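First chain A sits with chain B, and in the next complex the same chain sits with chain C.
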Partner chain A sequence: MPASNTVFEAKWDHASTLKKVIDAVKDLIGDTSWDCTNTGMSLQSMDSSHVALVHVLLKSEGFESYRCDRNVSMGISLNSMAKVLKCAGNDDSVTLRHESESSVVNFAFESHKEERVSEFELKLMNIDTEHLGIPETEYDSIIKMPSADLRRTCADLSQFGDSVTISCAKSDVRFETSGDIGTGNVRLSARGSSDKPETEIAIEMINPVSLTFALKYLNFFTKAAPLSDTVKLCMSNNHPLCVEFPMPEVGYIRYYLAPKIDEEQDNE
Partner chain B sequence: MGIKDLSKLIAEHAAGAIKENEMKNYFGRKVAIDASMALYQFMIAVRQEGDFLTNEAGEVTSHLLGMFHRTIRMVDQGIKPLWVFDGTPPELKSATLEKRKERRGDAEKNLEEAKETGGDVEIEKFSRRLVKITKEHNDEAKKLLKLMGIPFMTAPSEAEAQCAALVRGGVVYATATEDMDALTFASSILLRHMTFSEAKKMPIQEFHLAKVLEGFGMTQDQFIDLCILLGCDYCDKIKGIGPNKAFTLIKEHGNLEAALKSLDKKKYQVPEDWPYEAVQAYFRAPEVAAPADLTFKWEAPDEAGLIQFLCTEKGFAEERVRKNMEKLKKQKSGPVQGRMEDYFKAIPASPKPSTSKDLAKAKLAEDMKNFGTLKNKRKPDAKSPSKPSSAKKAKR
Partner chain C sequence: METAQASDYSSTPQLFTASPDVRRKVLLVPDSFANAPLTESSSISAACPDNLLMISSFWHPNTGDLCLWAFNTATGDAFQFSTCSSEKCRSWFVGNYVMEDGTLTYLVPVDPLFLVIPFLLTAKKKRMFQPVSQILVESDNSTGSTSGSSCLSTLAKRADLFLRDLDLICTVKDILGKKVVKLSKTKLAAWVKVKVRFLADVLQKERVNVGSRVAVAGFIRKEEDYTQAQFEKFAFGILCNYLPEVLHNELSVALGLKEVVETKKQDNSSEQPSKKSKNGQEADASSEDYSKVFQRTNSAATEKKLTAAQKRLQKVDKTGMKNISSYFTRSTSVPEK
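Coming up: the complex of A and B.
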């Protein structure tokens, strides 16, 4: 029974999605603030070195029930939130509640047979968040591929080097790296699949693109693979890479990563 | 040196203006370093058994060892240092310099006495006070930087003022110095502890001028007035006015002139011929070289030259110099990691401006931000934030 001054209450039928969302971002950004409005919950945060940006959107339609009377911003340590969510079974329902002027957020987990109810209170933090405006971009190349393929590619190449150069042409995309012990490259060709769209590799290319990124961050991003079978890589020259893991009807996680720039260009 | 008690006031009234960061988070950043301040620091800190490091010929090498290793520490973290040396001190400073000379004289006398009475601690204490950076030290430091491929410049006058101009001109990200007056010269960002030894394990302290002004509720001119009252390098301060009194005086009266008029002259003695107006003018528009005319290049080190200078002439261990040189070379190759802010512009976070006073404050902060970043190179497409998080958008 929610107290009368509850301003925010959101309920998922199953804890698994929220658990996966938190696991996908907690290692990249430590403390962040969840912005809750009547359209949903979102967070936007950079990692401590300001190289990557995470944008998570959980749309109100994706919840079992959702209510937000006025906009609230809840500063939370994602590691603490992960700890709390560990206490929920994957199939338990999760209810998040925040009261007006309160310094805590409440979590309630309920098993579906209703024989076990657990409640936790997490202290909110004062977080000085810096929000960045993400410009609407017409990307030069957009690659849609199975998220498992991206995860494997990045993991494989990290054994050889720190950076990967992603080059997108009309019908294939190449991932290349080099390091002290040698070099490696992976080429993925476009392939259609009418019966299994999640295994499709689709390339929309307006202009060819070749950009270099730190593999360390890409490996953080692919932690979101369990959330979505497919992933979209959006690239433009001299622009951050956008890696989107769509969650149909629920929302998305978008990661942005600043490219590595050649020193020569930088000095001019 | 610097502005008395300013960091204390900032911690008290504008805590949000101070951030602590690990040094490694500054990779790829160009930073202007106040060389004169750092050299002095090296002379004090880089010592052995209480005395300067010297080579076999007895020449002091503390400044070179410090500059070599601390520069490499920064380069190793991917930082691009640009050293700025003091030029001719402004005339305003002559009184202060005169006083420092007097104090040196005292210290010299004290040192002599201490040597006679034989107290080691005393000897060290006074010899530290005698530390002076000569033209020779500066020239050697510049020679070292040249060989290392690290850019440097000599300011027309004060190094901190030149650093601040470079920050505002978008040439570098921040000024690295321990002197707080870089903020008075309107450096948008000031970094402390950048040239400290790694062993101290001091995180980098980052001061944001816009947030200082926002927290203080002051304009840059009012801030300058406050700094003059606190005590700066260019004129005496009024005896009996501490940081809190200075802060309330400017807050209540709006500027130094009005504050002076209100002062009880019996209680507080304003120095005769107090040149505060000249100091105000100097802080507002110090003599600097225009950043637009300056270009800096980070180049590969001259290996043979470094070995010759450091090892043959100055007696450094060759193995260590070579090992450190590898670090310099390593950073020269390979692409440089970009940052999110290079592409996406920050949306000024105005925390629920509900009252008109808050709104005015937010506006002021906004203005200052623009003041600080006006000349920064921004991608035109980053100017229109299309998808700010909806909550923040609603608040604005």
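Coming up: the complex of A and C.
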């Protein structure tokens, strides 16, 4: 392949991370465009109802090798990308390649042991994306907790109701819901753990916050739990919730979700 | 205009004798109007006598066109004049006469709240709480029709009667003893939702054909099972005829009804209703395909194929949730393609 035409090439040692990233976001957003710059790959897209926003950043440091000669935007159907990635073993290496003026992106999977090389071409799509500027916000409350805890809490409470009210106080955070069959609430208290930092629950609170969200969306967010042991919930009153799954050295997935606001409160 | 009174809609209409220069129409009116004196809207004052039928032209909440409405000033009910004229070659026998005009006009009860929604919607843009009379009168100045205006001022004067349920769609506040209101989209969605559910129940009970190939609503080709969602969509389609178009999309999302309805191709001629009334009014309900509203409001959504998971998220109740882009600024720094 003439190297001169390739404007973007990125290689992961293991396909598992990329697979998990795509699995975590493909249900919320169908088609999206990956923006590749010399600092890394990122995507930002709203769900079809425009109440949630997904922001994924994969930093160039997280790749085994990364090269981006000029900024490119690749419109890709994430479901198709997931199909292609299904053809890769978890331990295979993945190389993404895009040539200048080309309408495809190449995937190459190489297994380390069996010397099996498979290559796939995925057609790119023309996608009009609207990028939103997300300002760095000082949140009123930031809760850091094990991602498994959040997943379990959301799964448990969704048995009862459609929406959850998350209230953050100084030393604990409450998840409350109510539905036709009854009510449920889960209280998580702050706890430290020096030997296992991934199991600690830390609460940084400037102002107490209480916000209500659609549980189904939160359930979809927790699909990113396999990527990260911890999750950060950032909340401010009347602002979208930010659920961040940090991936050390690789990047992060951030989900934003509009809170349910009682219009009467809003007017006051 | 003349009215004929009937004990109920099924009995034969009778006609008053009148001078021949009056255009005669057969009109069915509900029981409550029997013996009610008829008046022009302009003669209505704040102190209306009881049981008065007031006929006036008023703006249609969906199209904005002027059309005829009847108001019962005793009960505060509103009715729309609807015409059934699907058969061209039809005349009425009235007594010993043949009345050439074979159309049948009847009154369809309509919740008066529908009539004021467009005005409340305009007032909401000001982001202020206002007294009802002010909302109606201010909108009145911007429009030109005198008969519509006088009807509007009657509604404003007698808001306690006609708009007694206003708190169902508006946030009401009491400021220094004066009632001020503002349209609440959350309440509106809940109000429409109840209406959709009632209407869907009736459709289901009456076994109305709600599929996309509706030729005659009462005719069911074979034992077809429709889901509750299909009935609700059809019901919402009917209600959309009385709601301003700008609200259709928003409400269908809020009600969790917005999703890909029919994946069948539109250009397939056999999918179209085989006969469509040329008369644009919603007179002949059986020939209207109310599921179309969804095809129209969903045109953007149907462009993309949604996955099962995305469809589940579409159904989530999103009342009170704002568009996420309203929280963030739009940036223009998009990497070049």
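Just so we're on the same page, the second predicted complex is superposed on the first by the 261 of 268 C-alpha atoms of A that agree within 3 Å, B and C clash if a C-alpha of one lies under 4 Å from a C-alpha of the other, contacts with A are read in each partner's own complex, and residues count from 1 in each chain.
Here is the rule we use: a contact is a pair of C-beta atoms (placed from the backbone, for glycine too) under 8 Å apart; a residue touches a chain by one contact, two chains touch by 3 or more.
If you're wondering where the values come from, they're calculated on a predicted model, not measured in any experiment.
Asker: Do chain B and chain C fit side by side on chain A in the superposed arrangement, or is it a clash?
Answerer: By the criteria stated at the top, chain C and chain B clash after superposition.
Asker: Of the partners chain B and chain C, which touch A:172 in the superposed model: first, second, both, neither?
Answerer: Touch status of A:172: no partner.
Asker: Regarding the shared-chain residue A:39, is it in contact with chain B (first), chain C (second), both, or neither?
Answerer: A:39: touches chain B, not chain C.
Asker: Could you look at A:229 and tell me whether it touches chain B, chain C, both or neither (first, second, both, neither)?
Answerer: neither
Asker: Thinking of the overlay built on chain A, is A:48 touched by chain B (first), by chain C (second), by both, or by neither?
Answerer: In the superposed model, A:48 contacts both chain B and chain C.
Asker: Quick one: classify A:30 as touching chain B (first), chain C (second), both or neither.
Answerer: The second partner, chain C, only.
Asker: By the touch definition at the top of the document, which applies to A:149: first (chain B), second (chain C), both, or neither?
Answerer: Neither partner.
Asker: A:136 contacts which: chain B (first), chain C (second), both, neither?
Answerer: first
Asker: Scan A:200 for contacts with chain B and chain C and give back first, second, both or neither.
Answerer: A:200 sits against neither chain B nor chain C.
Asker: Pick from 42-50, 150-158 or 240-248: which stretch of chain C gets in the way of chain B?
Answerer: Among 42-50, 150-158 or 240-248, only one stretch of chain C overlaps chain B, namely 240-248.
Asker: Residue by residue on chain A, keep only those touching chain B in one complex and chain C in the other, then list them.
Answerer: In chain A, residues 35-37, 46, 48-53, 71-73, 129-135, 163, 212, 214, 239-240, 256, 258-263, 267 are touched by chain B and also by chain C.
Asker: Could you please specify the touching residues of chain B with respect to chain A in the complex?
Answerer: By the definition above, chain B touches chain A via 16, 21-22, 24-25, 27, 297-298, 332, 334-347, 349, 381-382, 384-392, 394-395.
Asker: Across the complex, what residues on chain A touch chain C?
Answerer: Per the touch definition, chain A meets chain C at residues 26-28, 30-31, 35-37, 46-53, 70-73, 79, 129-135, 162-163, 212, 214, 216-217, 220, 239-240, 256-264, 267.
Asker: Considering the complex alone, what residue numbers of chain A touch chain B?
Answerer: It is residues 35-37, 39, 42-44, 46, 48-53, 55, 71-73, 128-137, 163, 212, 214, 239-240, 256, 258-263, 266-267 of chain A that touch chain B.
Asker: For chain C, which residues are in contact with chain A within the complex?
Answerer: Per the stated touch rule, the residues are 127, 129, 171, 182, 184-187, 253, 301, 304-307, 309-310, 312-314, 316-325, 327-337.
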